[in-house]
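The next block holds one structure in the form of C-alpha cells; read it before the comments.
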Amino acid sequence: MKVHKIIFLAIILFFTGNSSVNALNKVKNTKAKQVLTVMEKVADWQLASWKQNGTTWPKWDWTNAAGYIGLEKLGLISKNPAYLETLLQFSKDLDWNTGPNRFYADDYTVGYTFTKMYQKHKDPKMIAKFRLLADSIVAQPHTESLEWKNDINHREWAWCDALFMGPPALSLLGKATGEMKYMDITDKLWWKTYDYLYDKEEYLYFRDGSNFTKSEKNGKKVFWSRGNGWVMAGLALTIDNMPKNYPTRAKYFTLFKEMAAKIASIQQPDGSWHTSLLNPAAFAVIETSGTGFYTYALLWGINNGTLDKNTYGPVVEKSWATLVSAIQPDGMLGYVQPIGWQPAPATAKSTAIFGVGAFLLAGSEMHKYVSK
Amino acid sequence: MKVHKIIFLAIILFFTGNSSVNALNKVKNTKAKQVLTVMEKVADWQLASWKQNGTTWPKWDWTNAAGYIGLEKLGLISKNPAYLETLLQFSKDLDWNTGPNRFYADDYTVGYTFTKMYQKHKDPKMIAKFRLLADSIVAQPHTESLEWKNDINHREWAWCDALFMGPPALSLLGKATGEMKYMDITDKLWWKTYDYLYDKEEYLYFRDGSNFTKSEKNGKKVFWSRGNGWVMAGLALTIDNMPKNYPTRAKYFTLFKEMAAKIASIQQPDGSWHTSLLNPAAFAVIETSGTGFYTYALLWGINNGTLDKNTYGPVVEKSWATLVSAIQPDGMLGYVQPIGWQPAPATAKSTAIFGVGAFLLAGSEMHKYVSK
Amino acid sequence: MKVHKIIFLAIILFFTGNSSVNALNKVKNTKAKQVLTVMEKVADWQLASWKQNGTTWPKWDWTNAAGYIGLEKLGLISKNPAYLETLLQFSKDLDWNTGPNRFYADDYTVGYTFTKMYQKHKDPKMIAKFRLLADSIVAQPHTESLEWKNDINHREWAWCDALFMGPPALSLLGKATGEMKYMDITDKLWWKTYDYLYDKEEYLYFRDGSNFTKSEKNGKKVFWSRGNGWVMAGLALTIDNMPKNYPTRAKYFTLFKEMAAKIASIQQPDGSWHTSLLNPAAFAVIETSGTGFYTYALLWGINNGTLDKNTYGPVVEKSWATLVSAIQPDGMLGYVQPIGWQPAPATAKSTAIFGVGAFLLAGSEMHKYVSK
C-alpha cells in the first residue's frame, strides 16, 4: 500500500510540472503554510484559554481589542471560521458598545473590530454606537495641552500607546462609512501627539510627558519598546485606511521610514527588542509584544515597497524566528511584558492577549512576505 | 353616512355650548394637545431607538438619567403608559443601583428617577441603596477647594453641570422621605458651588475652574450654553422639592431671576442660544440642549409667577418654536451638541438622550403655559 | 418529663466530671458560644440584606471584599455553611475577576477571597486571573513618588487604607502558591508606604499625603481612626501569610507593637475610638469600623503572644463590649462611619459591609481569646 502511494504521488508530481518555477512555488506554499500553522497554534491557545477561563479583562478593553485586530487578520487567511466567529460573538456580547470612558482611546480601540464586522456583515447597527461616539470626538475642540496631568489621557491622545488605540479605529470608520471627518480628526490628532511626544533626535516617541526628563541608568533617555511598537503598528494600520490621495499621506510615510531605520538599527543580537530600547541591558531578555509590533510594521513596509527588502529583510527574518521561539509547547506565546507603561521584564510564562495580537499582525505580513 | 356624522357633531357642539369661554377652552385644549403630541413624537423616537439598539450609554449614566427626568414629566401628562413603564423597567434592570463612582454627581443623577418611582410605588427597596449613598454624602465634611484638579469632581460639585446632576436627586429624596438632612446637604453644597463658579458680573456660571482665565476669540469670557442650562433647570427642579418655608428659599429665587434676565437678554435671533453664550458667532447654529433647558426654566418661572409673562412669554414662545423646528421628520430631535464640556458645534443629525430630556422638560411647562 | 431531664443531665454532669478544670472549660465554651452567636447574628443580617436587596456595591469592590475577609474567618468556626457558600457563589458570579482598575489596591482586595477559595477547593482557575494581575504588579518598577496627585492611588499604595486592600491579598497568594515574589513585592511596597505616610512621632499613619499639613480644630494632626484600623488589621493579616523566617519579619512586629501601644493609649472612655483619633471631641460618638479593626489587631497580638494580656486584655474586653452594644435588635451593626477618607460622624443607623467585616475579624480573635 505504501509503495502504491509513493507511485501515485510521483505521478501527480510528474503531471503537475517539475519546472523550477513550480518548485519555488511549492517552497513558498510550504513556508506560507508554516507561518499560518504557527499563527493558528498561538491563536488556538488563546481561544481555548478564553473558553476555559473567560477573558482575563473586559471584552471591550484595549488589552483584548488589540488582540482582536490580529485575530481578524488571521481570520482573513485561515480556513478555520472560529477566529472571525469569536470576534462577532464578543461584539454581540458587548451589544456593540465601546468601553465606559468615552474619550479615552483605550476604551474605543474595540471600535476597530466593530467596524471590520460591519464591513463584512453590512449591518449598520454594528457601528451605530461607535459612530455616535466618533461624532462626539469630532465635535471636541481638542485644545488642551498634552501635559501628563488632570487625566488628560481620558480626553486626548497624550501617551504614545494611544496611536494604536485610536487612529486605526477612527480611520477605519472613515473608510467604511465614506465620512471624511473621521479621517480628518485622526489626522489632526495624530500630528498633535507627534508634536508633543516625538523626539526628533532619537526618532522615537516618549511614552508620555512625564518621561521628558527621566533617564536610564546608562544615561540614555527612556524609550519603551512596546510603546514605540504601538506607534509603528498604529501607523501602518492607519495608512491602510487612508485615501491614496489624502493630503498629508506623505508625512506619514516619512515618519514611518524615519522610525523604521532607527528601530532596525537597535535590534538586539537575540533578534528581539528589549523593553528599554536605549538601555537593553536594563532587562536583558527577549520581549515579544514590542518585537511583534516592529516585525509587523517592518514587514508591512517591505511588502508594500516602502522599505528596502535587502536592508530590512534580514531584520524581520531574525525577529520572526525569535518570536516563534517564544511560543511554548502548548501554543502559549511567552515573553510578553505584562501590562505597564515603561520598561520592565518579561518571562517565558508571561503572556497576554495584546502580545498575541502583535504576533498575529506580524504573522499576517510574514505570510505575504514568504508568498512573494 | 357622512352627512349623518356632520349632523351628529353639530348637535353635540350645539349642546356643549358655544360661548367665547368655551371657544377659548377649545383653543387651549388644541394647543395643549399639540404640545403633548410633539413631546410624544420625540419621546417615541427615543423609546424606539432604545428598543432597536439598546441604550447608547449605560442605564445608570447621567446621559440617560437626565433624559429620564424629562420622560417622567411626560409620563405624568400622557395617556401612554410606556414612558413610566420604561423608567420602571430600567430601574429594575439596574437593581436600583446608582453608578460606580459613588460621590460623582454624574453617577447618582439616576437617584432622581428611583425616588420618583418610589413616590409612585411606595416600595422602600427602590431607594434603599440611594439612601445609603446619600447618607455617605451627608457624612462627608466637604471641605476641599473646588479647584479643578485631583479629580475633585469625583467628590464635590466642582463643575456647573453638577447642579443638575446632584441637587434635584438629593432634594427629591429629602421630600420623599421627609428627612431634612438631604435638603440641607443640597443647600450647603449648592452655595459652595455658587461661591466658586458663579460670575457675579455676568450672572452666569463658569463650567469649572479651568475656565476662569480662558477667553473667546472675541475677548469675552467662556460661558457654555448647556452648562448654564444645567444650572437653571437644576435650580427649578430643586426649588420644586424644597419646603415652602425653607430658610434659604428666597436666595434661590434671587439667583433664578438674575440668571433668567441675563439669559433672556442674550437669546439669538434664531430663537436659540448658541453653544458659546457670549460669542454666538463661534458656532453660529441653533443648539437644542441648552435651549431646551432655558425654555423649561423660563416657562417654569412664568407658570409659577416668578417671571413676568409679558417680558418672558415672547422669549419662550420663540425658543419653543425653534426647538420644534429641530425635530426631524422621524421624531429624532436634532441639533443637540454632543457630549462635551465647552462650546462646540451641533448639527441636524446630532442627537442625544439628554437633549431629549431637556426638550421634554420644556414641553412639560409649555403644556401648562398654553393651558392657562 | 422535666424531672427526668434534670436527672439525666445530673447524671451526665456527674460522669463528665465536676472538677474546677471542667467547670472552667464549661465557662469558656459558653463564652466562646456567645461570641460565635453574636458573630452569626451580625453576619446573618448581612446575608439576609444581600438576599433581599442585592449587594449595595459591586461584588468585586473593596467595600464587600473587606467584608468577605471577616466572613471567611467566621466560616471557619461556624457550623453554618452559608458564609463560605456565599463567598464561593460571589466569586463565581465574578468569574474570578478582580475589579476594573488593575493596579488600584481597592480593586484587587477581592483576590484575598479568591485565594482562600483556592486553598480550600484547589481549583487553579480560581486564582488564574489574580495571578496574572499579581505578575503585572510584580513587573512594575514602582518608582513614583507617593505624593497625592495624578491618581497615584491607581498605581501605588499611596493611602493608608491600601495596606489592608493590597498586602493581605498579595501575601496570601504567595503563601498559597509558594511563589516568593508575591511576598517580596508586598514587603517592598509595604515599607515604601511606611516611609511616606507613617508619622514616627505619633506612631500613626496619615491617610495620604494631602494630610501632612492639615490640622484638627484642637491643633492636633489629622489621624483617621478607620484609616489606622486598616493598617493594623492589614498588618496582622499580612504577618499571618509571611514565612516564619522572612528576613524583615521582625520589622513588622516592631511596627505592630509601636502602633498597638499608641492605639491602646487613646481608647475613649466609651470603649471605642472616635473617627478623629487625636481630636475625639470632633465627632463625639462611638464608631465601629475602626474599633472593630483595632479590637481584631490587639486580640491577634495577645493571642499570639506579641502583646501582654494583662496590659491589653482590658482594652479589648471593653472595646468588644462596645462593639456588641452597637448591634441593633435585628442584627444590623450600627455606628459604622460611611464610606469616606477622613474623620466624620457615624450614627446608630449607619451600617456597611466593611464594618461587618471588621466586627467579624474582631470576633474571630475574641473567640480564640475566650477559649484559652
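Letters are used for the chains, namely A, B and C, taken in the order the chains are written, and counting of residues starts over at 1 for each.
By our rule, a contact is a pair of C-beta atoms (placed from the backbone, for glycine too) under 8 Å apart; a residue touches a chain by one contact, two chains touch by 3 or more.
These numbers were taken from a predicted model, which means no experiment stands behind them.
K.L.:
Fit chain A to chain B on CA atoms, both being copies of the same sequence, and give the resulting rotation angle in degrees, nearest 5.
P.N.:
In degrees, rounded to 5: 120.
K.L.:
Taking all residue numbers at the chain A/chain C interface, are over half used by both copies (same) or under half (different)?
P.N.:
different
K.L.:
Can you work out the whole-Å distance between the CA centroids of chain A and chain C?
P.N.:
Roughly 45 Å separates the two chain centres.
K.L.:
Using the touch definition from the top, which residues of chain A touch two or more other chains?
P.N.:
Residues 149, 151 of chain A each touch two or more of the other chains.
K.L.:
In the complex formed with chain C, which residues of chain A make contact?
P.N.:
52-54, 56, 58, 148-149, 151, 337-340, 342, 344-346, 350, 352
K.L.:
Can you list the chain B residues touching chain C in their complex?
P.N.:
Within the complex, chain B contacts chain C at residues 95-97, 100, 102, 125, 128-129, 132, 135-136, 139-141, 149-151.
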